[in-house]
Structure formats: C-alpha cells, structure tokens
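Got a structure for you, written out below as structure tokens; questions coming shortly.
Here the chain labels run A, B, C and D in written order, and each chain numbers its own residues starting at 1.
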C-alpha cells in the first residue's frame, strides 16, 4: 500500500496563494484544527474558503478569519463569528451566503460528476438572483451548479493508513462530501488506527478519496 | 414509541392494483424475500417495479416476473433473468432500462425533494431521447428527473423497533435510497434487534423512513 | 410569565405524537421544554442528528455530540448520526412533519424574512431556507412586535425573503394565526387581550375565526 | 493460449500501482488474474465495494458479500461497503483511474456499443454507461472479430451506443489501439501477425505507430 502519511511541514507545501480550500466541520465540530495550523504556518494568502460557517471565535475557521489572509468565504452563515461580519461590512472579506442544504448538494455534485441539481430552496428569494429556473412537472426549481476546491481539509474521529475515515457523533457533517470534491485531500483524525480497525461497513469516507494523512509530532 | 411491527398478513393489505413498488437489492442480494412473498400472496396486479434488476431465476424479483402480474419494470439491466427478456420480447411486460447510476440518482432525488440532477451519463445515446439537455460551464448534461413509488420494500441485516437499519456487506445497495423515496415503506431484516443494538453512527437508514417493520411467523 | 415562554408553551401544543421535528434557535429551542409528557416527538438537528434529546449535563458532555448551535447535547437510544447531504435530504425531502422557526418579519401571504438585515445584520440563512422549503408544516414563533413596538406581522415583508409563501402558522405572545389561501386567520388570542389590541399591533390584515379561542395566562399590563 | 487470456494478460499491463479500477464482466474480470505482483490496484465493484479481492473459496463464502455479477467474493482488509448512490458518485465523479469493459462494437472515434442488440439481446446497460462516462481512462477489451469473422472495430458503431467518444484504448488478441483525436493508432500488434492481417479484420481506419511493438505469445494459426 502507498504510504500516505506526511508531516505537518510537508502539508504546508500544498498550499498556495489564491487557491480554493474546502474545510470540514460545523461550527468547529469535526474541523481539522491541525490543518488550520498548517494554513496559518504556510503564510498563504488570497484564498477562498468553502465551509459551512466561520465557526465561533478562537476555534477552527475563525482562526483563519482572524488572520485576515482569506479573500472570500462561501458559507451558509456567519452569525456565530462577529469578526466575519465586521470584515464583510468593512469590505475586507467577500462573503457569499448559500443555503446549507444547497451548499451540501453543490459540493456533492462537485464530487459526483453531476452538472447540477434542481432545488426549491431559495426560489423567489435573493438566492435565486442570476440563477436559471427550470420547470419539472409544473414545479419551478433553481439550478444549482457544482462546487469544487483545489484542496479539501478533512477531519475524522479515526483514520487508518489507507485513509478510511470514521466519524463519531456529529463530527461527520460536511467532511465526507468535501473529501470527494477537491483535487487534493488532506485528512487528520483524533486517532490513527491500524488497517482493519474500522469495519468495512462503518467506513464513512473510503480511503481512496484521501491523498495524504497528516500527523502532528 | 409507536409500534411499527406488523405481520406478513397485515403487510399484504398495503398492496393494490396498479401501484408503483420499489424493491431493494442487487441481483437478489439485500432483497426482502418475505415482502416478495407478501406481494405474491396479495394477488395484486398491473404494478410497476422499480429496482436495479430482475434478479436471477428463482430468487427475489424474478419470482414476481415468473408470476406475470407486473405491468412494467424500471431497471438498469435484465440480462441475468432470461424470462424478463422473453416477456419483453413477447410484449407481455414493459421494460424501461435506465443507467444504474442515473437510477440511483433519480431515486435519491425522489427522496430528497430535488427536482432533478444533471448527468453526463447517456449523453449522445438512446438514453437521451426525449430528455432535456442543459449546458453548465460549456458541458452538456441530461436532466434526469425524480423517481418515487407508492411503496418501497426494504431489507436490512439488522433492524431495531424504531426502524433503524444496518446493512452487512453489499446488501446496502439501493435500500437506503428507496427507503426515502416512497409514500409507504415496509422493511424486513435478517435479525430483529433491540433499541441501542445498532450504534447511532452505524445506522445507514434512520428509522423515521420506515413505516412498518414486517416480521414473519 | 414572559412573552417568550408564553409563545414556546403555545407552540409546543402543535407537536403531535410521533412527529419528526426540527426546531430553530432562540424561542423555537425553548419549545422542546413544554411538550406534553404523552407526546413523543423525534427531534432532528441539521448538523446530523435524528433523535436529539436535551442539553448535556456536565457529566454527559461529549464534544463530538453537539446541536446546530454548537451546544453539547444528548441523544435518544434510537438516535442516528449522518452527514450534511443526508441531513438536508431529510429536510428537503418532506421527511420533517414540522419545523418551528423565528422571524424578523412575516407577512399575510406566509412569506418569511429571518436571516438578513442588509447593511446591518447579515448572519446568513444557515439551514432556514431549506427547512421552510422542505418541512410539511412551518410554524413561525415570534414576539408580536419588535423593540420600540415596530410591527413584525406585515402586509408584505420588506426585508430579503427567507421563504416565499411557505409558512402555515404564526404564534406570538398575543395571537395565533393560521395562514390560509384567503390570508391570515386569527384562531386564538391571548387571554385578556382584545382583537382590536391585536389589530393595532399588526400591520397585516386578518380575519377572525368564528370559533376564536383564548390561550395562555391572562396578560398582565 | 486462448484469445481471451492473451487479451486479459495484455490489458493487465495497463493497470498501474495504486490505480482504482472497475472491471466489467467477462474478459475484464479475467484481467485481475494477470496483474504483476508488484502492482497493487484497488478494485471497486459497483454494487457497493471498494477493495474487492477475489472469488470466495467454499470456506470464505458469505452470501452478504457479492460482486456485481452476484458471485461471492472476499474483500481486502482496507475495504469499505456503501450504497449505490455513493458507488456511482465514485464512478461518475472521476474517482476511478480506469475501467475495463467488453464491447459488441467499438469505433474509430471511441464510441462503444455494448449493451443492446435491438430485437435480439436486450440485457441493459447496468453500470456500463456510467463507467464509460465517468472513469478517467476507459479500455475496451474484446476479441478482434465476432463469430463468423464479423468485424467489431468499425468506422461507426451500428448498434445503439453505450458511450459516445469515451474510449481511450482497445485491446484485442491481435492489436492494441490508442484512440487519439486523429483516430485509431495501432501501437502494438500480436507477435507473428502482420499489420495487413489486422487491417483485413478491422473495418475502422487506423494509423500505425512509428514505434510499433509486438505483444503476447506468437499467434499459432
């Protein structure tokens, strides 16, 4: 089996200015903090973040917001992190707000080779602006198109050397979707286990999606 | 908790002529044989089956084909069951062939409130006939619309009284998708377990989708 | 009893035995505390739980199990966890019997504005747009007026919409309205409040049910 | 060595270490037997396996673990199981490095007919249309001609298409063709066969590589 394990230093080399970065987690729950460290240490700038939210102050993605090197975030809400709202108001950060279910489907499309999905969510609201409306069986839907990233940062409760991931509780959220929708996928976990310790039925993210497993010291 | 458990006899009462029935399984693997018995015993006719295939002779859906009461099947292939091909050739059974991935997505749409998905599968083939082609970022895709059924018949390896399902090995296939895409869902399992025996992380079909749990004698 | 509790207690009566329910943050979350004991609802949390129970006590806290507001919670013994795609397939696919949400504005056609005040407050819609588009029944709970007696129940929402014509019922501390094809219908009023007093605090036009009932403890002025 | 084995052995050389691969039924399934020992590929089965291993011996048989042809198989220790939606998200999402499939007809533009002979044989496309549309590389393996020497490598497919311009390579017992923008390019010929003999059995036009190589054991006529 190919050795996928790399150090935090090696992980840093995969970031570059202007890239689009998907980051798993929901208000910091299931977010790869170690890989947030890697972004910060890499000094990369002008990047776009695709994530559910910008977390709460001090944790997860809010540490990137505080660093002020991101150019744009594509998220479903920013209400839990006042600094994101401040930067948006001051014109320092571009914020694109997407309904959470639409965001999930767009990322799923990006990872699944689909050209888009039709959804009723957002019809007749500002979310519909500039989007195609398509009628199916007398019902109008918005056409929502795929989202992909240059790199996705994923966190699981357990990971094995093949890259198979298992998620405890609510830490799953966007992680399995993002693991499929980026050109390069880096993953960390609470616990690094041996092959066979995650039962085949219980794998939520098959290891083929993970390019590198990042381990701290 | 509401008692969802019913007998095979009670299950039979839920079938009626002309209905659309989704049946889980892949060449019989993960197919609810007990609920196939229920259809046969109910005497229902002129129904449409939505499934991956018509199985191999003697097992699963092929028992319905042999019974000759179905009007139509919507499946991805029939090559493993010569009787289906014979009935199709003789004009006794309508057969609609759908690419397997498209079938999966159409059922997922039906269960997920989506108006359709765009897929490259089938572009420039006979599958595209009569379908809308939609361009996204310079690429052409087929618009595939949702599939739903009046009733879905699901089989798991384990089921608890809430209806939570766990699938061993390859028995999962279309079962979790169909469990979401029908007005009424009946489920059976190899093993009927107590609440708590399927870990919350390991539930592949949340019990809210299952209306009735059918138990033989 | 404060207005929020009056609203939460009244809204709790809308939940039926066996209902699958998603509660928004704020007053909607309080609703769970007032469900009658013989009513067993199943609570979904859009971050990936079916079968959420209650706030975790200090001994129960598990940082891997949180609700959509990032608070640590417990789950029922029949619970399941899943990813965001399945979570919103549940929400959009009509698998929720009911969602209860807050509002900035709500209008007589059932349109809702709840997620943005341009130039002022831009928290984002989170899962709210999906919930109102997908749930079988949508109930808005809100104080009848905003600070400074600003009206919230309007003829037409002025803020950017979260949903267009999707709300079925409005519960405030003063009134319960059904939203029908013909417009708003007042079906219950707070004990001790007159219909005229409600009209004064409501921009929207509304009809009054022939079977108008009282609810809640009498309003103390 | 029979033609099918020659084809399977040659096709096996297309699989690189670490590749994620889906093999169709028939000759493609045989390919797995001839992969060099130092090449470790990961096999997907579209009924829901990543990390499929080999046919199960009588002691290993588990009716819950089958391949896409319903034969009982074993799985690797790193395997995972999943539903059909994820299985085809993998296939359509470009997560397969390679798929190897059979053909009824294949043409010089890379179009493939493999799933239907109208009025005669209608097995259906199963997952084949998704595999050819989604995999990064598509290799067709087929005997060079059909029964009665009927040609299978054509200028344009006559049967209903399974895929339009999606195939990258053709491996037969006589020839290996790359399908390029300029059309078919013969890159290898069976040892002991002349290019003219291949032309005779091929309706499609093809160029011959300047670096034409031989493959396989010499053809015994």
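As a working rule, contacts are C-beta pairs under 8 Å (C-beta built on N, C-alpha and C of every residue); 3 or more make two chains touch, one makes a residue touch a chain.
What you see is a predicted model; the values in this text were computed from it and never measured.
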Tell me which chain's centre, taken as the mean of its C-alpha atoms, is farthest from subunit C. D
Would you mind pulling out the distance in Å between where the CA atoms of subunit C average out and where those of subunit D do? 56
Round to the nearest whole Å and give the separation of the Cα centres of subunit B and subunit D. 29
Measuring centre to centre with CA averages, how many angstrom lie between subunit A and subunit B? 32
Chain-centre distance (mean CA atoms) for subunit A and subunit D, in whole Å, is 35
Counting only residues that touch at least 2 other chains, which ones in subunit D make the list? 81-82, 88, 91-92, 133-134
Among all residues of subunit A, which ones touch two or more of the remaining chains? 105, 108, 113-114, 119-120, 167-169, 200-201
Which of the chains are touching one another, listed as pairs? A-B, A-C, A-D, B-C, B-D
Considering only the defined contacts, which subunit A positions touch subunit D in the complex? 1-2, 108, 111-114, 160-162, 164, 180, 195-196, 200-201, 203, 206-209
Where on subunit D is subunit A touching in the complex? 17-18, 20, 40, 42, 50-51, 75, 77-82, 88-95, 133-134
Complex contact set, residues of subunit D against subunit B: 45-49, 62-66, 68-70, 81-85, 87-88, 91-92, 115-116, 119, 121-130, 133-134, 160-165
Counting only contacts in the complex, subunit A reaches subunit C at residues 26-29, 52-53, 56, 75-80, 85, 88-89, 95, 97, 99-105, 108, 119-127, 157, 167-177, 204
Counting only contacts in the complex, subunit A reaches subunit B at residues 105, 109, 113-120, 134, 136-137, 139, 141, 143, 145-146, 166-169, 200-202
